[in-house]
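You will see chain A twice below: alongside chain B first, and alongside chain C after that.
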Partner chain A sequence: MEIVQVLAFGLLLGGVYALLASGVTLIFGVLDVVNVAQGAFLVFSALFTWQIWDAFGVEPLLLIPVMGFLMGVLGWGIYRGMVMRVAPQGPGMTVLLMFGVALTLEGILNLIFGNKFKSVTPPYFTESFTIGQLVIPLPQLISGVLGFLILGGIYAYLRLSWAGRALRASAQNKDGAALVGISSVKSASFAFAIGAATAGVGGVLLSIMYPIYPATQYDWIARLLGIVVLGGFGSIPGAVIGSLILGMTEAFANTYLPQWSSLFFYGTILLILLFRPHGLMGAKTREDVA
Partner chain B sequence: MSDVVLTMTDVEAGYGGGLVLQGLSLELERGTITCIVGPNGAGKSTVLRVISGLLKPNTGSVVLGGQPIGGLPPAAILKAGVAQVPQNRALFDGMSVHENVLMGGYLIRRQRSLLHERLEMVGDLIPIVRERAHDKAGNLSGGQRRMVEIGRALMLDPSVILMDEPSLGLDPKSVAKVAELIREVASTGRTVLLVEQNVRLGMNLATHGVVMEQGTVRLSGEAAGIADNPEIATMYLGKAGG
Partner chain C sequence: MMANLRRPRVFIPVILLVLLALIPIVVQDSKYQQSVLIVCFLFAIMASGWNLISGLAGYVSLGHSVYLGIGMYTGAILGKAWGVEPMFLIPLGAIVAAAVALVVGIIVLRTKSHAFVIITIAVLLSFQLLAANLKKLTGGSDGIIVQQPSWAVDLGTKPYYYVFFALLVLTILLSAFVMSSRLGAGLVAIRNDEGKAASIGINTTVYKVTAYVLSAIPFGAAGALYGQYLGFVNPLGAFAILTSVYLVLAALIGGRGTLWGPVLGGFIVAIANEAATTISGGVSARVLIMGAILILTVMFMPAGLLPSISSMIERRKAKRQTVKFIDQASIASSLSDVDTTLIAPRPHRRDHAGDAVLEVRNVVKTFGGVDAVGGVSVALQRGSITGLIGPNGSGKTTLFNCMTGTIRPTSGQVILAGNDITSERVWTRAHDGLGRTFQITRLFKSMTVLDNLVAPLERTSARQMVAGRYTGDEVERARDILEFMGLQEFERQNAAALSFGQQKLVELAQVLMLRPSVILLDEPASGINPTLIEKLANVIRRLNEAGTTVLIVEHNIPLVLSLCDHIHVLAEGKILTSGSPEEIRNDPMVIEAYLGPDHMLEAPGV
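Right, the complex of A and B next:
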């Protein structure tokens, strides 16, 4: 029974990771920008969720659309104000820029929240969902299920809406997109906004799962980049598969060899990349965003 | 009344500091197929880039149906009625053939009935768009890709279609099919301007020809006349000079 429990944990963790990593891979697919500030966006959202919950007692899950929207607007502004100007200098410069954005956000968060762990603990924080012998903490269950549902919504939006099709077209062939009248600036801004919005939503989910403080952005961006590299940069299906593999790996390691958890997480990435250097779906379908 | 659809007058354009087009003037008549030929570096593809708005002319004018379009953004020129089928792979490989053609109507996406009407029109004209509707564009052969690219360009019902090397990389059978489709497109009143390295094919296909050299038009007229010009025949068609 323990193995089923571990599998369930891994699946749910994978759902949260998939949502978080999809934002990084979407931004890369459309803009060729590695958004190393995604971890900082995530922590920014989680800490503001904590602040609102702590000050007003608002149910954190109700903040999902709010934080998603606010981070989307912030992402749009960062793209229009900074990334768009620096992008012509090449991908190296945009990585440096986003690293600067991450450090600035971390500095702001340190000033506001201090370098202390914050935990959002709604009434269901210590409750569990039980089926037979399977016991799953409610925060993990809620976050994992919502992670899958929101990612499914984003996926459907990318596939079925004109805006989503325009994003996919831009990701697959920028010249082809321009030929049918798709504005590269609008597509890029929209992709950056959606990518940042996933961090906004993900931050709320993380806030009920883990204690957060500003410097945890490094841990999160390392994980997200690991997932995206494993799945293949630019591929959302790749990010989902990578997330599930690493979610399972982490769940198994946490259960049987907790002190080796990080080693297993990054060791799995290394091992797979030895055999698939372009990631699981990178070589053939890197452009197949969504 | 003149049947001229597009006019370029004294156009100068280039990249960086250098001028590629040096005072080029050109007229395209409705329903014609005009083929531009010339040596490498003559500025053939640059003509297409200037008309489609991918390159702004330094001086001179580009007029479409009485409206100046020179220097407008590509989307505005597309909306005005100029579509382009480029030389390089321009389809969205991860999308289906249907989605690729649908994306050709991106600018009329809110006019659903018109969009549907255009999809039907393209499907009638290019059967492969229906036959392979659900296949990924990345799985199509070179000739099939070119047909879908032309279908996508037709979604906005353009008055002028620009084609850069439509026969490039295609086998003879596919070249014949693409040529037939281009003739069919022109027969509906649309004007086609193409750049073609395969001069023999281009001149056979075209109604009019333009010979470019060093960024200007050296010779223009009916394709048959151009092909019969002894100097041109020697230089581009491999015939013995007269």
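Right, the complex of A and C next:
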């Protein structure tokens, strides 16, 4: 029974990770930019959720659309103001730029909130949901399920809408997409906004599960990027699989060897990369054909 | 060396280093200055080390401070166990860091640059966790108190100062050595275009791993010393991501890829950090300031200080110089008579071939459900010029890429000189005598024409990696080949400054440096003017006379017909027909494949 319990935990944790990692992989797929600031984005969102909840007692889950929208706007602005200008210098420089953004955000959050853990504890924080012998804390359940649902919504939108098709076209071939009238700047800003919005939403979901402080951004970004590397860059299904692997490893390690959980995950990544350098779902592209 | 000392970019830094060495002796009571300068030295050492992998080869590592931490723990743990001051364990710190870097590098450098960045962060955080959890070895989060120095108290921090200084000088010498070696040239080639570097025989895996290991050595050495200097070692301090930020910033501000840039940057960042600490205090303010500086540097001065200054000086100089006019016609006509040994293929160790030099057997390549190449067998006769033609989408490029190793066939074999090379790496093929050019030229744009020509490697060997960039007979041969092609005027030009047609000739010259037995030319005549096409045809004929086998993939049918002994026509992934130029010219199937079935019926004028 313990195994089932652990599996359920892993699955739910995977849901939140999947949403956040999809944002990273989407930005990479469309723009070739590794967004190392995703961790800072989500900490930003989580701390503001805490602030609003603390000051006004607003139900945190209601803030999901608000924080999603706000982070989306921030992401759009960061793309237009900075990333777009640095992009021609290649992925090495955009990584450094986003690293600078992450540090700046961390510094700002430090000044506002200080270096202390903040936890959002709504009334249902300590409640659990019980089926037979299976006991699942309510925050975990809510976050995991919402994570999957929102990601499903985004995925369906990318698959079915015109805008989503334009994004995917631009991800595969920028010049070709431009020829058929898709503005690469517009689709790139859109992708960046959606990627950042997932951090806005994910930040709210994480805020009811974990205590957060500014420097935890490093833990989060390491996990998210690990997932993306594991799943294969640019692949949303890959990000989901990577998230489930991470969720499961962490749930198992937390139950049996609590201190080593992250190490297990990093170990898994290195092992898989040894055999599949392009990740689980990453395709090797035809680099030579000009 | 002595002659070099007259040049400002050598003597200015040397004078500054000498002044630094004098400070503790000359300045009275310089304890504070020493402590600031020690941090400057440390940052400069780290930034220079980082520069070897991230500046030269372009693989940005955001977790390189892990090797500083490894050095710190090596010194602290072994020093405690053996009762030695960590200072004496500096070489061990370097060795342990190098060993860890070797293992990490072998795994991590198989991935492309994006994944590399990320994994370096994961490696750093992993070591932080390891250090916190292996309590018996590391003392857990509490850390280890390090033995204090045994020297007389009135010496103060002077011994630290001088040992750090010595490590800095050694690090600078290491990076100067790497930059002037073939290894350094290869790394810059990798940064420019990794796939191309492999195609001219650079074993990119070995080069990258070597650079990664070398870059960890200064960190490990400095770490052993730094742990003792701080007096204690703990996981968060030793494996701090902020240290990585500082050193990346230092290299970026000073100028990546240059010798002195990271050193200068190290001093700037260390002093700025000291100022930020005294003015504002608090880690939060420092994180904010460093983040903002990183953003501003990336956006407004991405090349860094030193390269910006030197390009400014060069622009000044260029204004005073007149540009020499180079007559295009003279390039096209001059094809000086040279000794054919210059362009003749070299004998290859593993050449067991009979008549066929390069052969593909039943090669199939499918992309998804599409058979791009559906079972093709072709043999290139030794000493022949073979043409491969076919309409767009017929599978020419795919077949070509299977031969060069850019893609691996789904099934079938590629045989070079009697050896199965189907699963050989791109650079091994180059070593075994296979040369190729690209349809869209892929020269190393930031390098001069001469540097492009001396970049190719006929084998991978340690001796060659440490050899100087311009030593050996390569430079002489490169000049001879340029002269043979009529390109000697362009020797010092940047490859990016040449016209497309000239670049095509240079790329062919570059391949000739490998002395290949087979050259595969991917649409050599596309996009260049008729005079240069003629010139190219002459070069190909001369190469062939000297004994080189040539395969041409081309759309320019008159060129193929006039040049080739034998022609294969590809259509829909299969060989449609093969034969002499005469046979192909009159084959109705070929005309149909190119122009469609109705063409014969609707001849012009009817």
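Quick note on the criterion: the second predicted complex is superposed on the first by the 283 of 290 C-alpha atoms of A that agree within 3 Å, B and C clash if a C-alpha of one lies under 4 Å from a C-alpha of the other, contacts with A are read in each partner's own complex, and residues count from 1 in each chain.
Operating definition for what follows: a contact is a pair of C-beta atoms (placed from the backbone, for glycine too) under 8 Å apart; a residue touches a chain by one contact, two chains touch by 3 or more.
A quick note: this is a predicted structure, and the numbers were derived from the prediction, not measured.
After superposition on chain A, the partners chain B and chain C are seen to clash.
In the superposition on chain A, A:108 makes contact with chain C only, not with chain B. In the superposition on chain A, A:99 makes contact with chain C only, while chain B stays out of contact range.
Of the two partner chains placed around the shared chain by superposition, neither chain B nor chain C is touched by A:142. When the two structures are aligned on the shared chain, A:269 is found in touch with chain C, with no touch to chain B.
When both complexes are overlaid on chain A, the residue A:28 reaches chain C alone and has no touch with chain B. In the superposition on chain A, contact is made by A:86 with chain C only, not with chain B. In the superposition on chain A, contact of A:279 is made with chain C only, not with chain B. Look at A:183: by the touch rule set out above, it reaches chain B but stays clear of chain C.
Of the two partners chain B and chain C, more residues of chain A are touched by C. The clash between chain C and chain B in the overlaid arrangement falls on one stretch of those listed (189-197, 333-341 or 387-395), that is 387-395.
The intersection of chain A residues touching chain B with those touching chain C, taken from the two complexes, comprises 287-289. Interface residues of chain A facing chain C in the complex, by the touch rule stated above, are 28, 34, 36, 82, 85-86, 89, 91-93, 95-97, 99-108, 110-111, 115, 214, 218-219, 221-222, 225-226, 228-229, 233, 259-260, 262-263, 266-267, 269-270, 273-274, 277-279, 286-290.
Touching chain A in their complex are the following residues of chain B: 54, 74-75, 78-79, 83-84, 86, 88-95, 99, 102-104, 106-107, 109, 152-153, 155-156.
In the complex of the two chains, the chain C residues touching chain A come out as 54, 58, 60, 62, 107-108, 110-115, 117-119, 121-123, 125-126, 129-130, 132-133, 195, 241, 245, 248, 252, 283-295, 298-299, 302, 397, 401, 404, 406-407, 438-440. Within the complex formed with chain B, the chain A residues making contact are 162, 165-166, 168-169, 172-173, 175-183, 285, 287-289.
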